[in-house]
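What follows is a set of structures for review.
In the two complexes that follow, chain A is the common piece, with chain B as its partner first and chain C second.
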Partner chain A sequence: MSVPNTKNRTIGDAPRARPQTPSAKLPQFILDWAGLAPFFLFALAFLFIPSFSIFVRSFQANDGSFTLNNIVALFTQRDIINAYKTSLQISAITAVGGALFGFLLAQAVILGGLPRNLRTFLLTFSGVASNFAGVPLAFAFVATMGNAGLVTGWIEAIFDLDLRQMGFSIYRMTGLSIVYMYFQFPLMVLIMAPALDGLRREWREACENLGGSTLHYWRYVALPILLPSLLGTTILLFGNAFGAYATAYAFSGSFINLVTILIGAQIQGDVLYNPGLGNALALGMIVIMSITMLGYTIMQRRAARWVR
Partner chain B sequence: MSQQERRSGKISRRDFLKMGAMAGGAGVLAACAQPGAAPGGELPDLTSGNSIPLDDLIAAAKTEGQLTTIALPHDWANYGEIISTYKSKYGLTINELNPDAGSADELEAIRANKDSKGPQAPDVIDIGVAHTETAMKDGLVAKYKVATWDSIPDDAKNSDGYWWSEYYGVLVFEVVKPDIANSPQDWEDLLKPEYKGKVAMAGDVLKSNQSVQTVLAAGLSRTGGDINGAAEAGLQFWKEMNDAGNFIPVIADQGKIAQRETLIVMEWDYLALANRDGLAGNPELDIVVPKTGVLAGPYAGGISAYAPHPYAARLWWEFVMSDEGQNLYLKGYAHPIRFNDMAKRGVIPADMLAKLPPAEAYEQAFFPTIQQLTETKTIITENWRKVVYGEG
Partner chain C sequence: MRDTSVFAPWATVRAFFQRLRPEEGRRKSNVWSWFIFILGMIYFFLPLYATFVFSLKMIKDRYTFEAYKVAFQDPNFFSHFGYSVLWAILTIVISLLLIVPTAYWVHWRTPRLRPVVEFITLMPFVVPAVVLTFGLIRAYGSPPIVLIGSPALLIAGYVTLSLPYMFRAVDTGLRSIDVRTLTEAALSLGAGWRVILTQVIFPNLRVAILSGVFLTFAIVMGEFTFASLLAWPAFGPYMEEIGAMRAYTPQALSVVSFLLTWGSIGLLQLVSRGAGQEQIAGAH
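Up next is the complex of A and B:
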C-alpha cells in the first residue's frame, strides 16, 4: 500500500499525508467506498427512495393520471400558503428560542461550576425530555394548563377567577410554541453540552493573560469556536419543529394551520382525501428544508473559515 | 443412497403424469364451480347478487373458514359483540385489520390488494355513505342482496345491491352533567355566554366526516330543515361560536370528557351513549337530541369485489342484517336501518328501547342524499378556515 511514490515528488515539497501509487489507488478507492456502503444503502432506502416517490406522486391525480394541479394549488390556495407561513413562523420562533435558552442553560451547567451530580442529572433529564414529544406531551400540557388543567384549576381557585370567561386559552400559536419548547429546549442542551466541554480552560487563561475581558473571550474565542455547532443545532431544531405533527394534532387538531396537519388531512381521514396534494405539500416541505440546509452550509462555511 | 435416489426418481416421474391428470380435472371442476348453480356439493353462484339460502351459504363459508374485516372498532356500534357472536355462531375465525381505519383507508385496502388473496385483503367494508360512489365507480364492491333486503328503506340502499345502510345515528349533545347545570336543548343555545370555552367537536372538520356533519346539522337548524343553504348557515353558526369564544379546538374523546376538558361535545348518538355507559357516572353525562337540526348519519356496508372469502363475507351481511344482528347494533346504541320494520313487528326488546333517547326525537331526522352530502362537504371544507377562523 505505502510504496513510496517518486513520480509525484516534483509537484510540491509538502509532506504527503496519503502516499498514493497508481497501482494502490483503485483497491483503496473501492475499500473506502465499501465501508460507506451501509450508509448509502440506508440513505437510499430511507431518504432517496421516499423522496423520489413523493416527487412522483405529487404529479398524480386521485385516479393516477398526470396532473400539475397539486403543484399549482401550493401557490394558489390560501389555506396552503397560510399553512406554510404558520409552519415556518412557529419553526423559526421555537428554533431560535430553543437555541438561545438551551445554550444559556447548557452554558450555566457546563461552565457555571455547578456540582458534577447536577450536571449528570440535567443531561440525563434532557435526553429523556427531548424525546418526550407527540401525544403524551400534548396530553400532559392539556392536563396541566388546559381548560380543566391542574394548574388552571389552582389559579382559578386561589384568585377566584373564571379563566374561561376571561377568554384565556392555551389553544393558540403561543400555546403551541410553548409546547414545542418542551422538546426543543432539552435537545439544545443535549447537543451543546459536548461542544461547551470542548472549550479548553487554557484558552480562557490565554485570553486573560493577553488582557482580554470576559466579553473579549466570548466575542473572539468561544463564540467563533461554537458558532458552527450553534448554527447546526438551530437548523436541527428548525427541522424538528417543521416536521412535527403528532404533538400539534393531539394538541388542537386543525385549529392551528400547519403544513403537516394539512398533509394529514389530505392523506387520511374521511373528508378531503387527495394523496397527490398531500405529496405535493410534502414536496414543498422538502424544498424548504433543502433551501434551509443550503443556507446553513453557506453560513457554516463562513463560520468555520478561520479553522482552515 | 444412489439406489434410493434412482427409485424415488422413477416414482416421481410416474406420479407426475397422474398428478397432471388430477390437476387438469381439478381445473375443470374449478372452472364450472364459479358460474351458475352447480349440482349438490358445489359452491353457490356469486354473480347474480341474489340472496343465497342460509344453509348453502353457511356450508360454503365453512370451507373458507375465515373472514377478513377492516375498520370495525369494538366499542363502535357494538361491533365487539357482533364480531364475537358471528364467530361463535358459525365457527369461523375473523381476521380484523386496522380497527381505526377511515372509509378512504378501507377502499384503499381493497385497491391495494386486488391481486392478493392474502390476510391484508378485506372481505367486507363499513364506510360512510358518501364513499359508496367512489367504491362503485372504481368497481371495488360486489353486488349482493341480503334476505332482509326489502325491509331496508329504499333511499338507504343501492337498487342493484352494491351497498346498503346497516345503521345510522343522529348528532346529539353530550353534556357533562355536574359542570353544566342547564343542558343546551337546541343548537342556538350553544351560543349562550354561559357555555364560553366549553363546546367542542369530536373530530377535525378537515378530517372527520362527523365534524363536517356537525357543521351541517347546525346549519339545518338555522334554515328550518332546508338543505339548501344549510352548509353556509352552518359555517356562519360556527363562526359565531368561535367569535364568542365558546368553541374550543380540542378534539374530544372519552378521555377528554372524563377529564372535563370538553364539557359539551357534538357526537353521533351511539358514540355518546356508549361513552355514557363507559364512564359509568364519572362524570355523569346528559345526552340531548337537539330540538331542530337532527341530522342522520348512515353507514354503508359492502362486499369487496376481490374478497378472498366471498361466502364468509355474504354470511356476515346476512347475519348483520338479520333481526338478531340489527338488535346487536341497537344494543350498541346505533339505530339499525331496519328499525321501523322491526319495531312494527315487535322484535325489539323493550329494555333496549328504554335506554335510548325518546323515539319522537328521531322522527324528524333528516337523511341527506349522497349528492347533498358531497355538495355540502365541499362547501364546508373549502370555507371552514376562511369563514370560521377568518383566515384570509
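Up next is the complex of A and C:
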C-alpha cells in the first residue's frame, strides 16, 4: 500500500511536531478510510453485490417485474419445503450430537485427569479433522460403511446379515449425519477447550469449601458459566452443517435432498424452471445463516464475561 | 468407646471407605475419561484405517499399492493437482496483499473500524460457498460486468473463503507487537510505507502469516464447491469425478488428500506453537 502520507514523513533532521493542525483533520479522516479502500472494494464486489443481487432477484418475476411469488413458493412448494426440512433436521441432529460428544471429549481430556500429551494430540488432531471434509471425507466413509465397507463387512460377518438386501442404505440422513459428525465434534473440541481451561480451580475449591459435591459444582457453577459457550458453539455447528455442500454431494449425490444440493443443481441447470425461485432459495439460506451467526455472536458476548 | 463395640466393624468399614473414597472417585472419573477418549479415537481413526485398507485391496485377495499406481499414472491427476496448487498460490498472494495492509492499517490508524472489518471477514460463515457461487454467477454472468470466462470469480471465492483465517491469524500477530511504536520509529527514521510494511511489520508477522498461509493452502487444495460449480479444473472435482468412475482409486486419493491436510495443519501447529491460535472449520 503506497499511501502518500507526506504529513508524517520527516523532511530534514528535525521530527515534526506531534499535534496536528485542525485543517489536517478532514484529509486525515479520508486517509483513514482510503487505507481500507482495497479491502472494502473487494468485499463490496465479491460479497455484498452478489448477496444483494440474490436479494433483489428473489423479488423479481421472469420478466423483471416485482413479485412476492418466489417467497411464497418457498413456503408452499413441496420439494423446497422438504429440502429445508431435511437440511434443518440434519443440521440440528449433528449440531446437538457433535456438541454433546465434543464437550464430553474436551472435558475428558482437559479436566478428566488424562495425561497431558493426549490433550495436545487431541487438539492437533481436531484441527486436522475439522478441516478434513468434503470429497475425501465422503470417500473415507464409503470405505468404512459403504456396501463394501470395513464396518459393514464386520457387521455382516458378526450378525450374518445382508444389509443391502434388507434395504438398508447409508446414503441417507442417518449415514450423512454420521459423516457430518466427523467435522462437527472436532470443532466443538477446538472451541470448548479454551472455555474449559478458563474454569478456575478457585471456583471448584470455593464450592467444595461450602460443602458442595461434584454434582453441585457442575450444576451451579461450571455449567452456568459454560452455558453461553456451549449454546453458542452448538449454534455455530448448526450453521456449519447447514452450509455444507461438498461432503453431501460427494457422499449421497442426489439421494438426499438438501437445500445446498438443490442450489447446486439450480446453478448447473435451471432445475426449478424459475430463476427467481432459485434466488429465493439462496436468500432463505442467507437469512437462516444470518440468524445463526447472530445467535452465536450474542452467546459469545455472554461467554466473554468470564474470560479474562 | 466400648459400648459402641457393636458398631465397631461398621465404623472400621466406613473409615476404610472414607479413606478410599477420594481416590475411588478419581479412578472412576478417570475410567470414564479414558472411555470417552478411546471412543473418540475409534471414531477418528476407524474411517482413516478403513480408507487405507480399502485403497490397498484393488487386486483381489492381496494387499497392494496398485490403486496408488493407477491414481498417479493418470495424467489428469497431475494437471488437476497442479491447477489446485496454482489456485492456492494465487489465493494466498491476493489474500495476503489484501489482508496484511488492511489489518495493519486497522491496528495503526483506525482501531474504531476493527469490528467492521472483522465482521466482513466473517461473512463467508453467513454466505455459504454454494450460495456465494450462485450470487457470483448471477451478478457477473451477464453484462454490464462479465467475469465468468476468467478465473477471477474462482480466486475471488477462494480469497473470500480464506478471509476469516487470514484476518484472524494476522490480527493475532499484530496484537502481540506494538504496531504504533514500530511504525512511528520507522517513520522517524525516514522509512517509506513500502519499507515499513516489508521490513518492519512483515518480519514480525512471519509466524502469523505462515499459519494463515498453511490453512488457506489446505482449504483450497481440497475445495470442491467453487471449482465444481464454476467449472474450473481442480483437485476436488477431479477426486469426485474419479469417485464416480472407479472403485479403489478414490480411496487412494483420499489418503493423499488427508496426508496433505495433515501436513499443512501439522506445519501450522509447528509454526504457531505457543501462539495460542485456534482455527475454525474449513470448506465442507
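Going forward, the second predicted complex is superposed on the first by the 212 of 308 C-alpha atoms of A that agree within 3 Å, B and C clash if a C-alpha of one lies under 4 Å from a C-alpha of the other, contacts with A are read in each partner's own complex, and residues count from 1 in each chain.
Here, contacts are C-beta pairs under 8 Å (C-beta built on N, C-alpha and C of every residue); 3 or more make two chains touch, one makes a residue touch a chain.
Everything numeric here is computed off the predicted structure, so don't read it as measured data.
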item: Which superposed partner A:I30 touches (first chain B, second chain C, both, neither); value: neither
item: First, second, both or neither for A:L161, with chain B first and chain C second; value: neither
item: Touching partner for A:L68 - first (chain B), second (chain C), both, neither; value: neither
item: Touched partner set for A:N82, first chain B, second chain C, both or neither; value: first
item: Touched partner set for A:G264, first chain B, second chain C, both or neither; value: both
item: Touched partner set for A:S254, first chain B, second chain C, both or neither; value: first
item: Partner chain(s) touched by A:I298 [first = chain B, second = chain C, both, neither]; value: neither
item: First (chain B), second (chain C), both or neither touched by A:A206; value: neither
item: Residue contacts on chain A - larger count, chain B or chain C; value: C
item: Contacts of A:Y273 with chain B and chain C, given as first, second, both or neither; value: first
item: Contacts on chain A seen with chain B and repeated with chain C across the two complexes; value: 142-143, 148-149, 249, 264, 268
item: In the complex, chain A residues that touch chain C; value: 1-3, 5, 8-10, 15, 31-33, 35-36, 38-40, 42-43, 45-47, 49-51, 53-54, 57, 101, 104-105, 107-109, 112-114, 118, 122, 124-125, 127-144, 148-151, 181-183, 185, 187, 190-191, 193-194, 214, 236, 239-247, 249-250, 260, 263-264, 266-268, 278-279, 282, 285-286, 289-290, 293
item: Complex contact set, residues of chain C against chain A; value: 25-26, 29-30, 32-34, 36-37, 40, 43-44, 46-51, 53-55, 98-99, 101-102, 105-106, 109-110, 113, 117, 120, 122-123, 125-140, 153, 156-157, 159-160, 187-188, 190, 192-194, 197, 215, 218-219, 222-225, 228-229, 236, 239-240, 243, 250-251, 253-254, 257-258, 261-262, 265-266, 268-269, 278-284
item: Chain A partner contacts - residues on chain B that touch it in the complex; value: 102-105, 128, 130-131, 193, 196-198, 203-209, 212, 245, 248-251, 256, 259-261, 377, 381, 385-386, 389, 391-392
item: Touching residues (chain side chain A, partner chain B) in the complex; value: 78-79, 82, 142-143, 146-149, 164-165, 167, 169, 171, 249, 252-257, 262, 264-265, 268-273
